[in-house]
């Protein structure tokens, strides 16, 4: 799968480092795969918050001078994926607010399921909304809470919202990290080499800034960072884990640990399970790069069929607005992917991808392999059919666009013109992530949404 | 005067034209001299508001495609001058809000004197502020008003604010234009060639879009634009005009009519009055371009001393970050202004400028003229000494930076090293603008602020 | 005149200053009005030449870092106007060459009339041409000369070319400045504050870098700059001056001295002569800014009719690619120029422009003034009818596009819909520039080309 | 190997397609890995050549409009890698020339070993050189040849040059492709779907434009493309193949066929040979991505040790100019590469890279793996020690910077702090590329240069 489903964003928080905004900057760079549309950082110098946010990649939004103006020992950051409209610039994060306790800034990964309802209630009471982000609800709820202390107000606020949220709050002197009771989206805690702290969506951010992984922020937990103290933990909700299993399937970087496990390992396991339950006689196993690589390695190891790099990915992409000539077939996919003809010609090929969303890309890949001379093309998918949209922070097409919601596996196989098609089943997926108990959200495969 | 005092912004509203955002775009271009830091337009297609705003000149912020997304028959626009900090992007206008009656967008030229007070009161009631603009107060006041209709809420809201405001509001179906009771900042009403309407800070915007000037929006007046109707006028406040006289002195474009009079004519009058009350024997009269041109023409006509273009302005400016060499004296002023040596050499020169703010630029100009061989340099200023900062929408330095607040005219003359220095007096200035009655704010010259 | 005829470029040379390329940079900035399409500088550090050139304004092409790489105590620079084609980048100057004596770079203002012929002869002998610039001829001629010393080769080379050339050559240790025998294009010599030298197309470059004007490089003169010596002068050709009179009419900056006279003064003289020979009863005299300003001041002084700023020029231009709406008439001219309606309404107006090329802009200006309510519009042009194209370094339209080559003055008057139209005659123009003898080229007015 | 050695460029030629420049554009995109500094295309419309070239990636240099101006049915293109100096813009290709037969443009991949000598001889005869590219020699030699026909002149010219050259020439009506007698650099011939032809450095360009591979242009062969005819072949030199073996080791894209063989297959073979002759007991085989992937797959298949993706490459790179904080160790390598900690921890790891140039990157990789917990790190290199610089078109560091030229394998192993280090030997490398006879240049490993 190359496109069509996207993690909506990444968050990071740095506390207790004199170059906090610089650490946030490098962390966001490591998290860039979770959102390329906009980036932002707020820092606090103890007296005042400073915010810079704009459209574009992290490296484009910030420069040395801007980071210097983001002074202070604490900072939070955000990268955003966007379906974008004309208003996109308004929707960059952090969201900043002045309110009765002073100033605060928030970054949010996730999606609130009662956002509309909460917003309407707030609007009825006279609130105004200046953006289209769920996150704006939170600053209103905090501002309107009748509690005196910010900690209590945050607790008040998160009790009124439902859905998925991994949040980091910055006030002038403190930082707060909070996850919903289900722990839908990841959020990990690390220690900076000099004693400060970092929280981030994925641990790959820790590696870049030489931080050490401590543990995940727990579902339902609020962590409070205060100067000169160890982080204070408050159990706001009883945890009932429902981690997004798609983080393992596709979103997270393979070198990250999320929900306590290595992403790469779980992906390899999916490939092994797939080989076990969906075997097929073939000459080579090849991945759709880069997403399918770990599962293909697993499949090859389990099946004993040789792993090959059968499709190459071209990383000099960017967008071209030049129309192809009439004879240039399938230019769009060819500019990204190209077949290793000599490896494929005359071979029975198992091609491993992480998922099929609309089916059009898979169809082009099969066609490309056939044109390169593959004798047979067997598509194997390292997750179950994607039948249902996500409401917890992933940008998915509507159900009518999800091919598996509208066709049987056989029909999909015909549509993509493969010789065979098979998916990993839910049980196999759960085994791959060592889900002894029921702690993952699999709604996109099962339609079983947590209410 | 070349810098140091700046109009804070310009507003425009278009109602009843199928290419409303395009007209707003060209109008903002004509108003670009009132703010070069940021630009924005909101349009309504009847169902939904669309907003695009960003840093930069109008021509840079918008392109054909963006204007297309700003669909609908009504649009409001804004250009902004900014003292800017790291947060500047957050402070572009229009300010957009969703609230209990739907959606609205506001543009504002002016400055609220009770902004802090109103904001604090709103914050105490749980409101949050996401920007540093006074304008945000207004959307809160409208949202929190207990009236049912938007018109009534606007009236409610503007009754709670004090200071200078020329406002244009856009809702999904209507547009509103409002001026404070003093009419500090200008706002004019025009008719589009096809029957729609335009309101704009200056009439130079009308000319570009082929609109016809009808009249000014009156101080204290609310104008309501509704489909298929003539604009409805409501007298919200009893008008007590106190127009910003500095619009005539410096801000407005000479080809505009503001407060009902030609800017160019009033500037020429100032020059004539100045010649009358501050005569000096000399060979030539020259302006500091471009601001001093009309007054210099008036001075020359009244005195009979020949008008000459004695200083040239270079319009290929932009900012250079290249450090000059040691021998390159006064590079900054020389890159903008250069003397006509042959005209000046050996002459007694009267140089006309519109005002002196800090004095440093005037000092460099005198020096430049002397180096070019002027026998005598007599500086004449077409307004009284600028002694007091503005609180009604003009960006002025603090009082301690205003040279006339800290030195006598004689001392200033010595500081700028001129052979003589004289200012127009308040009476002369008022005569220049035909102020039979007391309808102008002259606080920056007199310190007499309207409370 | 706002467009349609353009000086093709400007040159500058700096010798004997440790920050030579920086001085060249600032000089080019002062000369930017002579060419906005491309800019370039070559410097010599004594061992090697360094060249940077690119499309764009001087300020965009260079930055502090680039100037640092252009090390050495001598530098030459160029700005270029271009009719540009797809190959435009290839045609930026300086032109650099390695040849049998080492390295050299050349900048050239002018146009060679035997360029094609010389190039063909060179090509027949096996030379290759990599650009479309006449200047490339010169490096070939120098390289192929059989003389031993560069000085002799330059003399050899310039004897083979005909037409207009103000040249500056840079070798590793020397700089050379050369003007054709007619002195078509200007070139002045100045002294830097610390003892080095500058040559430049106009003296406005001297002012910016605090250099002092010494004299013009003479027609037919070669100046050689060598370390530790006064510039050596060689009379290569017997001078027969035919200076481009259009430099006075339009091209040069009014604060420059070219061909030994103040540009501003000659323009004022043109206005005075025009008032004298083409009087008309009217209420006001107004210029088409900025070109017509000095002549309008002269006309007003001579006629006693008041000078007014009747048309305003908007300097926030740039190009817009937004199509106007149907009702927006004459947008293109209106974005640049707008009328002072109150000054013009009901008045008999004399409008002064420097020239009429195609007639379309003049027509729009008359229309604009009439729409603003002018009772009568009398167009007065401060030069004779432009009837013939230039072959000496000015970009002019073909003869069939020059309105005065195809219509009588009466017909032009009708075409532009003015109440009257009159031009300055040749004699008046020559008087304005104090041409006691016949030392100016007036071919664009008379068709009398120097063969 | 991630950096330090670079192919200098890529060439492409399109003949007989009405959208020739568009095909050249897409082909250059496919060849972008061979040079990212500059790009250019020349086309011929039968009457005139058109050239656009500039710094930057192919996608940045061209847009739809520019491609439209590059009209005609034939086009040649170039991408360039550059060690760049201040003069870099001058050195983009195609090199264009007008000469006695008309116009021509050339693109060149390779390096002439007698360039200096030829240039000096040409300069002595009066030629001038405007760039620092060897390629400029060729247009001089062609222009100066005394033959009448271009074909003969090309033959004349290439007989005077020595070294590596894969050339494509464009005249107004014909296209020529030529390779040196050794065939150092690749050049393949393909057929466009509609009948026209393509020549390109690598066949990956063919796939994108739906062209079909015919054969390689032979060493010493000149191919002439003329309208309405099959390509004419002339054997200019007796072929004595010495193909650059490093194309297989590192430069070419794995999905290309160069010198008649699949790049991917030869790389896999290198891995297999390496496993055979340099076995080591270990738990996993991992590649340094992306270069080491095929060899690592081959090594794993041959050794039976599991292949794992042990190091991840981050493709959101770009350059950052932000200085890291003090604690951020090895930021530069970490921003590109990160370890799969869970895969590596406690394991004996074989890490496969294609080559070691300076050794510093390898040292950082070993350190990174050890920090990630690797029990042992065994570095295996799929080519022999790189001991000698290339003079045939590859940008290599000087010999004193090549670690293998200055240290023994043992010393290198100590330097990079690996537990063991072994290289593929020359015989193994030759077997990998099926070099029955002696048709490859291995000078960078052996110092045996072809004179």
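By letter and in written order, the chains are A, B, C and D; residue numbering begins at 1 in each of them.
In this section, a contact is a pair of C-beta atoms (placed from the backbone, for glycine too) under 8 Å apart; a residue touches a chain by one contact, two chains touch by 3 or more.
Keep in mind it's a predicted model, so treat the numbers as computed, not measured.
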| item | value |
| --- | --- |
| Contacts common to chain C and chain D (chain labels) | none |
| Chain A and chain B: spacing of chain centres that average the CA atoms, whole Å | 47 |
| For chain B paired with chain C, centre-to-centre distance based on mean C-alpha positions, whole Å | 36 |
| Inter-centroid spacing, chain D versus chain B (mean Cα positions, whole Å) | 60 |
| Two or more partner chains touched - positions in chain D | none |
| Chain-chain contacts as defined at top | A-B, A-D, B-C, C-D |
| For the chain A and chain D complex, residues of the former touching the latter | 17, 19, 22-23, 25-26, 29-30, 32-33, 36, 57, 59-60, 62-64, 67, 192-194, 204, 207-210, 253-255, 257, 262, 264-265, 293-294, 297, 300-301, 306-309, 312, 314-316, 318-325, 327-329, 331, 334-335, 338-343 |
| Touch list for chain B against partner chain A, complex | 50-54, 66, 69-70, 86-87, 89-90, 95-100, 119, 123-124, 126-130, 139-140, 143-144 |
